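Two complexes are shown next, each including subunit A; its partner changes from subunit B in the first to subunit C in the second.
Coming up: the complex of A and B.
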């Protein structure tokens, strides 16, 4: 079915409007991070910089622990995403492709983790982590991130597993493949887009996690970007240039990750899988 | 067996000596997280550690945003700091978690040596004790540009009526005459209380601990504030300190109420000390003396160990010594003001380049801060419920009731008192 030219124009305008809505704040943040301080807070905002300076980035990297925060964030987010995937894929496979007693109840129960606001469990968790020696450790943050990313990751993978025809598994069983072999050799390659989605979800969830990190981390050397960055901005007096430079840097890893993994977001990988 | 007993006895004798040789380790928590403040504190800590064998102080900067939940949890779990820089409203919260000994004797000793501003000690003096050692002050002031006032042919406002008139005169050509926040946030608590303290509504409590927020003076203060707030930018209902400062520095606001704008004005604005004006918060009428809100930040010793407490007192005494005190205050030049007479004269304070450049303004801030008061910490009428009232920003919420929801000041203040009673009961 062909679309009318009016519809095409409408779609193009809608798309342009959406792009503007999403990209304009990013543009303002990134372009302003290169402006002189006076221009940033000028009475007449400038969308195209009239001045250029790297002083905010220089200050951010030389006078603060921002590089340390970035490194910590990368370590915590990467490990959290990997562990989440390692647990979510077999769990989702078990929940949605296998039959065992209590399956229905269990996979509905896992979402209970989202029933409690994080602030409610924060203080009891702090006490528990003190006893386990996990306060002020990156390991503690990984455990928290995986705990909160895992339930939704399992649910996300459900639709990907559900989309696979049963015949694929049955063919593998007839060829004598064990459950693990079916998962590793047959299922995982077919749900690659789902794995990529879950990986990105877990990474971003860990990258932006603030509440638990702010309480469970005590020393500056262990802080991640959201928490460390909010501290260096200051409360009573704000260095707007440094704020914008830090914000520009903070989105870089997520953009890089998308550019690397984004190609996996193509559908139809299962097309032709069944002869 | 004899050899084993001898070894155990020897070990038992050596152990205490080993412990003593290990020395005292103190962890300092503070919320001065910007890198230059951390760096300056580290210089002072290094100097203290170098001059005090067997005592090691380490700092762990924390964020204001979470500290009200984090510090009590850490103390309850036994992993809290030994010393902490606090504001007065934080002490009642921590006192509920840990039995903090009074430092009355130590404060008296330092007072005799350095002469504290009375209201700073008063903010920590209640329930038969003095709970923390005053260290640095922040007081709210009225900031303006001298050139703008001269051009408009107006004098620096000294009364509420003059402030209204000046703000109206300055409101032209896209400039907002006065930037006042109306956010449900601490900054609004502070600016509103700056009016209350000038309008005879200083006391939140009666002497018996009952609340006296709902009174004609409070209503009058809110009425004045609301009228002035109409001259502020439309986004002022979501302002914190940074937005107000930016409004002033970018010359979008003619005047603002702020602790200090010096660093921002110098690095991001005009940077002209001859044009930057600072004045006391205007009084209700010409017959009244100007007052302001002031936060006397203090060092709270949380360790229960005698040796650690003694070492912590040594550290705080070290910071208060004039040769160190100025450098300590100048971790944020123009914002942190001395709380001692010796500190106000210290060469180490006035030789900092930015402090020297804006000396006229800083002298005025110090003068303004002499009358500083803090809600819930006045006249010894301090009760634990102030922690909840302060944490929930109920003074600011009362203003939002007027500015955002359109209630009358009288109704809003009555509702505010009801909220405070509820918070106190919880």
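Coming up: the complex of A and C.
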């Protein structure tokens, strides 16, 4: 589409505004985490650091349990993402293509999962986890994360299945392939972008989860980044340098993951919404 | 339709059983809990009928939190819709780097909320930070503002921070709705000599309306449930000025150890929310049918 010059100016202005709104806070935080303490709390803030130091990162890694939190978060998020996929892919295919009683009702019901305040289930769930011995375990966190990732994952994967051309599947049926073989050899390879999207979604959800972890995890050695890190906020006299370093660090894994497969994730998000 | 029914059941059963155990069962337990008088976890209690409901409904704290929740949801809806619409309309255009922009716009949503909290707590800090010194340099203010110190500014700041986190997500959903509008409609309008503003009012806006409706419902549910950002930044303060219903539920259950009362508030909140979602979706499908 050709645009008039007025529209071009309007577009440039909105894009500049969005850049400022989204990127500037991150730039301020990441660049400040390399500044000397005096420069961080200075009355006249600097856009580009005038000093350079790694002391905040060193302090973060040596004097706090941050590395442990990071490891716990990586373990919990990775396992949650894998299990979510293992449960969501077959379920999504069944909801998309297979016949069983109560299919539509069940599909609608699972999407209701996001309609009530999640804090509602926290109270009874805590009692249940106490009885099952799941309080203060990473397993308990994985169970929670997978549960909350599942409804959206099934919905998203189903729309990916729906986006495939019918002919491919029909050809496989004509060749006499069984449902399992069709799913494993034909359908799953074709929805790799969808699988990547759902994997990232579950990973991010687990990586950012705070409320359940804060209640279900008791010992410091089992805390994930969000909960352990929020403990650091109150624990010390506010040491902004260390907090900013921790914030920069906690963003890193999602940035790396997103630069590899973020394109698919956003594609999946928007494609799912269209159908 | 293909595959045998037993195989289909084997495909869906693990996911459904997990959902039933971790979401369904606790949801029912919450209702039972609200009819009992259990205080701390592990202590006994007995059925007391609707006494908790009578108590909560006559408690001013509950109604105040309910009111704050409504303000929270409405303000977030307005701010997020405006920001998301600007974003979606900009990203719909073609410009160098549009693909990268469409992917990375969601940056604010993929970082942990605790990071969001630290970023903004620092930027809005009244000792140091970035926003106060900047406003002072520009001569807008003379003295640093304590953004989290009064109920009104704390609420406004929280609404801004939460909207900052969520608007890109809503924007991408809107973008999906925008790309669904057939481009020949715009071509036809252009041939008829309609300018960009008329094209927006006559084509984009009406055709985007259903998507906006659905997004408003989803957005309402999502903002209503926000807890961690509020808890980590203000803990519902100052003076309860940012204590939304989820914050009240958390405080009642895990600070004053009154599980049954917390469950009661949860059930009431769920009923309101479900009622709203039901009415809204019915209204949307009705207007869509016309």
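Keep in mind that, in the parts below, the second predicted complex is superposed on the first by the 239 of 275 C-alpha atoms of A that agree within 3 Å, B and C clash if a C-alpha of one lies under 4 Å from a C-alpha of the other, contacts with A are read in each partner's own complex, and residues count from 1 in each chain.
The rule we apply is simple: contacts are C-beta pairs under 8 Å (C-beta built on N, C-alpha and C of every residue); 3 or more make two chains touch, one makes a residue touch a chain.
Worth saying up front: this structure is predicted, and the values here are computed from it rather than measured.
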So, after the overlay on subunit A, do subunit B and subunit C clash or fit? They clash
In the superposed arrangement, does A:87 touch subunit B (first), subunit C (second), both or neither?
second
Winner on subunit A touched-residue count between subunit B and subunit C: chain C
Item to complete: Considering only touches as defined above, state whether A:42 meets subunit B (first), subunit C (second), both or neither.
Response: both
Just checking: does A:130 make contact with subunit B only, subunit C only, both, or neither of them? Give me first, second, both or neither. both
Per the contact definition in the header, classify A:116: touching subunit B only (first), subunit C only (second), both, or neither. second
(Q) According to the stated criteria, A:9 is in contact with first (subunit B), second (subunit C), both, or neither; which is it? (A) neither
Next on the checklist: On the A-aligned overlay, A:95 touches which partner chain: subunit B = first, subunit C = second, or both, or neither?
Outcome noted: second
Worksheet item: After lining up the shared chain so the two structures overlap, which partner does A:154 touch, if you call subunit B first and subunit C second: first, second, both or neither?
Response: second
| task | Could you say whether A:64 touches subunit B, subunit C, both of them, or neither, answering first, second, both or neither? | result | first
- prompt: Does subunit B (first) or subunit C (second) touch A:54, or do both, or does neither?
  reply: neither
Running into subunit C, out of the candidates 149-157, 239-247, 275-283 or 311-319 in subunit B, is stretch 239-247
Overlap of subunit B and subunit C contacts on subunit A, residues 40-43, 119, 122-123, 126-127, 130, 211, 215, 227, 230, 233, 240
Per the touch rule above, subunit A residues touching subunit C in the complex are 1, 3-4, 7, 11, 14-15, 17-18, 21-23, 25-26, 28-29, 32, 40-45, 87-88, 90-91, 93-95, 97-101, 106, 110, 113-128, 130, 143-144, 146-147, 150-151, 154, 173, 179-180, 204, 207-208, 210-211, 215, 225-227, 229-230, 233, 240, 243-244, 246-247, 250-251, 254, 258, 262-263, 265-266, 269-271, 273-274
Listed in rising order, the residues of subunit C that touch subunit A in the complex are 1-5, 7-12, 14-16, 18-19, 22-23, 25-27, 29-30, 33, 41-42, 83, 86-87, 89-90, 93-95, 99, 101-108, 110-115, 117-120, 122-123, 125, 127-130, 133-134, 137, 164, 168-169, 172-173, 175-177, 179-180, 183, 186, 196, 211, 218, 221-222, 224-225, 227-228, 231-232, 245-246, 249-250, 253-254, 259, 262-263, 266-267, 269-270, 273-274, 277
Subunit A contacts subunit B in the complex at 37-38, 40-43, 63-65, 119, 122-123, 126-127, 130, 135, 211, 214-215, 218-220, 227, 230-241
The subunit B residues in contact with subunit A across the complex are 31, 33-36, 38-39, 60-66, 69-70, 73-74, 76-79, 138, 174, 240-242, 245-246, 249-252, 258-261, 263-264, 267-269, 332, 335
